[in-house]
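By letter and in written order, the chains are A, B, C and D; residue numbering begins at 1 in each of them.
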Amino acid sequence: MNTSRLEAFSDGVFAIAITLLVLEIKVPPPDTVLGAELLQLWPSYLAYVVSFLVIGAIWINHHAMFHHIVRVDGTLLLLNVLHLMLIAFLPFPTAVLAEAFHRGTDEPIAAAFYSSILTVIGIFVNAMWRYAAHEYRLIDPHLAAKKVRKLRRQFLFGPIAYAIATVVALVLPWLAVLLFILLNLFYLWPRWG
Amino acid sequence: MNTSRLEAFSDGVFAIAITLLVLEIKVPPPDTVLGAELLQLWPSYLAYVVSFLVIGAIWINHHAMFHHIVRVDGTLLLLNVLHLMLIAFLPFPTAVLAEAFHRGTDEPIAAAFYSSILTVIGIFVNAMWRYAAHEYRLIDPHLAAKKVRKLRRQFLFGPIAYAIATVVALVLPWLAVLLFILLNLFYLWPRWG
Amino acid sequence: MNTSRLEAFSDGVFAIAITLLVLEIKVPPPDTVLGAELLQLWPSYLAYVVSFLVIGAIWINHHAMFHHIVRVDGTLLLLNVLHLMLIAFLPFPTAVLAEAFHRGTDEPIAAAFYSSILTVIGIFVNAMWRYAAHEYRLIDPHLAAKKVRKLRRQFLFGPIAYAIATVVALVLPWLAVLLFILLNLFYLWPRWG
Amino acid sequence: MNTSRLEAFSDGVFAIAITLLVLEIKVPPPDTVLGAELLQLWPSYLAYVVSFLVIGAIWINHHAMFHHIVRVDGTLLLLNVLHLMLIAFLPFPTAVLAEAFHRGTDEPIAAAFYSSILTVIGIFVNAMWRYAAHEYRLIDPHLAAKKVRKLRRQFLFGPIAYAIATVVALVLPWLAVLLFILLNLFYLWPRWG
């Protein structure tokens, strides 16, 4: 399988997962005051925004990595399928997070569950890059060794940050959610120079 | 990231969001008269048609804009992700609108909620174009300055019309829904000359 | 907009609508005998098969038509959006059909509702082809006039057959469902010579 | 229709079906202990992993086959539509499997139901390849006869293994689920040499 095919399939999964997030937001039932109900759904809106930014950032990350990968072998294909398995799973921890903040109980468990999934996703991102870049196995042979090492360090940042956020979540779930937003906005934020 | 990749991903989100709209229409429960129930679902059909036209028009608009954009930078990418975040959210206000008209109460809130989301989408469309077109930052350098200004004026029409519709919705929700349909049919309507 | 873009977007809607059909099949609730429940779901399986064949046939039909269309204008774009609006709606009449056969009442209404949607889809197919082919407005100028007329006659078959099936459905809903299957299998069936 | 169009549509259905799997995992209801509930959902996670690997393997298999197929005719198109009909159906047996293991009853029926769908999918895979490869009808004329026979034998493995798993499921449902995972991991596992 060539890289463009794998990227197109992955892009499809990213686009579908990101668009399915809205299905977790349920319309208020009859016999309620609609205006008040729409306001009370804020945990669902918050979870939607967080996961949209998360999947958006992972998608851009995936592209940045495959910009340098020129060949696909069986191992990378398997790692990519397992990576997508976790991406496509994200609507569930998103809904759990919204539910916990809506209840007003169990936020630590919900935020730690969410964060731990992101940690595992980050580990797969690193596994993919390290496997592909090892002795230039599947990457562009003209890529500077310095750049390869720089990317390896950059990819490490994600799972470490999310592992810390998982611990934070157990104590201060609100701070963890704030971290999710800041980490992804920071990642998505344009850089100059 | 190049423009064709960004457009393909955006097209995916548009196609999925537009096709998910139908999931908000629920099958009548057992022990009801099916014919009567299917007729009573008219608010769901109406909301479906409105949102399908809305997303269709935004999709065509997105293409028209990217026809002139030749490069993508980090800022435009972030603006586009935020733009898609609101598009993918549309099935929810659509379901809320249908629910309010089905209940026969709270239509003003529901229509204003729907309309305000469209206003924000329109603001992002303008932000994307103004950012990309500013001093020909990301657009085709051969595009006539007159055409750039004309497009800027055209893109302004959307959010202004929806902001007015939001105010109208609070007083005359029915008129606002009629405005949504007319605005989008007018936009989608073929032009000659 | 060029034809390949419009076809890709349409293909996306077809693929999503066809894959969403399964969401209408609900898992049996707890405290039931699973084996018996899975058998009792036959109306859902039947409706799934019918709609899968229907959307599959419409998809192939759409391709056959766009094989000859070389340009898109605003009118064709609008007709195509309205055409897709009805395709994406199909999971709902599919679920209604399954529900009616599951209840054992209201099958005539459900089958006629389903059939009437297909009739309207067929009318849009004809409108698209007639508009595009009129004086070779948007079609390949090298297409033989005889072939244009032949396609026009072929496209007429669908809405006429479904209009008849709508009337049949009101009296013999079972026969109508059988007609849906036969019409689409006949359409999908390979031809030689 | 050319092969790339058919592959793109099939890829769309694969990507959507694989991403819809998560919708079957329901958020725990209010007034429960979230941590305990998330653990009790293990049958849903297990079913999700199994079906993700299954669809991933079928997707890679589909590509491997179409790598050698150079033309599409009506029969192959029909076989492919019927093949996709079963792929898109998979979220339902997946949910049934999770439900049965969650209940703690009816696992044999659920696992046999799941396995029998995979058996039929495998039969269609074989039908597609045998039809396409018969006297080099639709495949690359330069493909070695030895390779054609080798692929035919390889494709036979799937439905035979799943037919055996169906029988096993009726007696030892747990072993059948283990077989599903092992068979697909084995298939997805990289090969060398």
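Please note the rule applied: a contact is a pair of C-beta atoms (placed from the backbone, for glycine too) under 8 Å apart; a residue touches a chain by one contact, two chains touch by 3 or more.
Nothing here was measured: the structure is a model prediction, and the numbers come from that model.
Undergrad: Chain D and chain C are one sequence twice: same or different residues at the contact, by the over-half rule?
TA: Copies use mostly different positions to touch.
Undergrad: If you average the Cα atoms of chain A and of chain B to get two centres, how far apart are those centres in Å?
TA: Whole-Å distance between the two chain centres: 26.
Undergrad: Measuring centre to centre with CA averages, how many angstrom lie between chain B and chain D?
TA: Chain centres of chain B and chain D, defined by C-alpha means, are spaced 37 Å apart.
Undergrad: At least two partner chains per residue is the criterion; list those residues in chain B.
TA: 8, 12, 16, 20, 23
Undergrad: If each chain is a node and each touching pair an edge, is that a line, ring, star, complete or other?
TA: Its topology is that of a ring.
Undergrad: Which of the chains are touching one another, listed as pairs?
TA: Final set of chain pairs in contact is A-B, A-D, B-C, C-D.
Undergrad: Hey, which residues of chain D end up touching chain A in the complex?
TA: Against chain A, chain D makes touches at 8, 11-12, 14-16, 18-23, 25, 27-28, 30, 33-35, 38, 48-49, 52-53, 56, 59-60, 63, 188-191.
Undergrad: Report the residues of chain D in contact with chain C in the complex, numbered from low to high.
TA: For chain D paired with chain C, touching residues are 1, 5, 8-9, 12-13, 16-17, 20, 23-24, 73-75, 77-78, 81, 84-85, 88-92, 95-96, 99-100, 103, 105-106, 109-110, 113.
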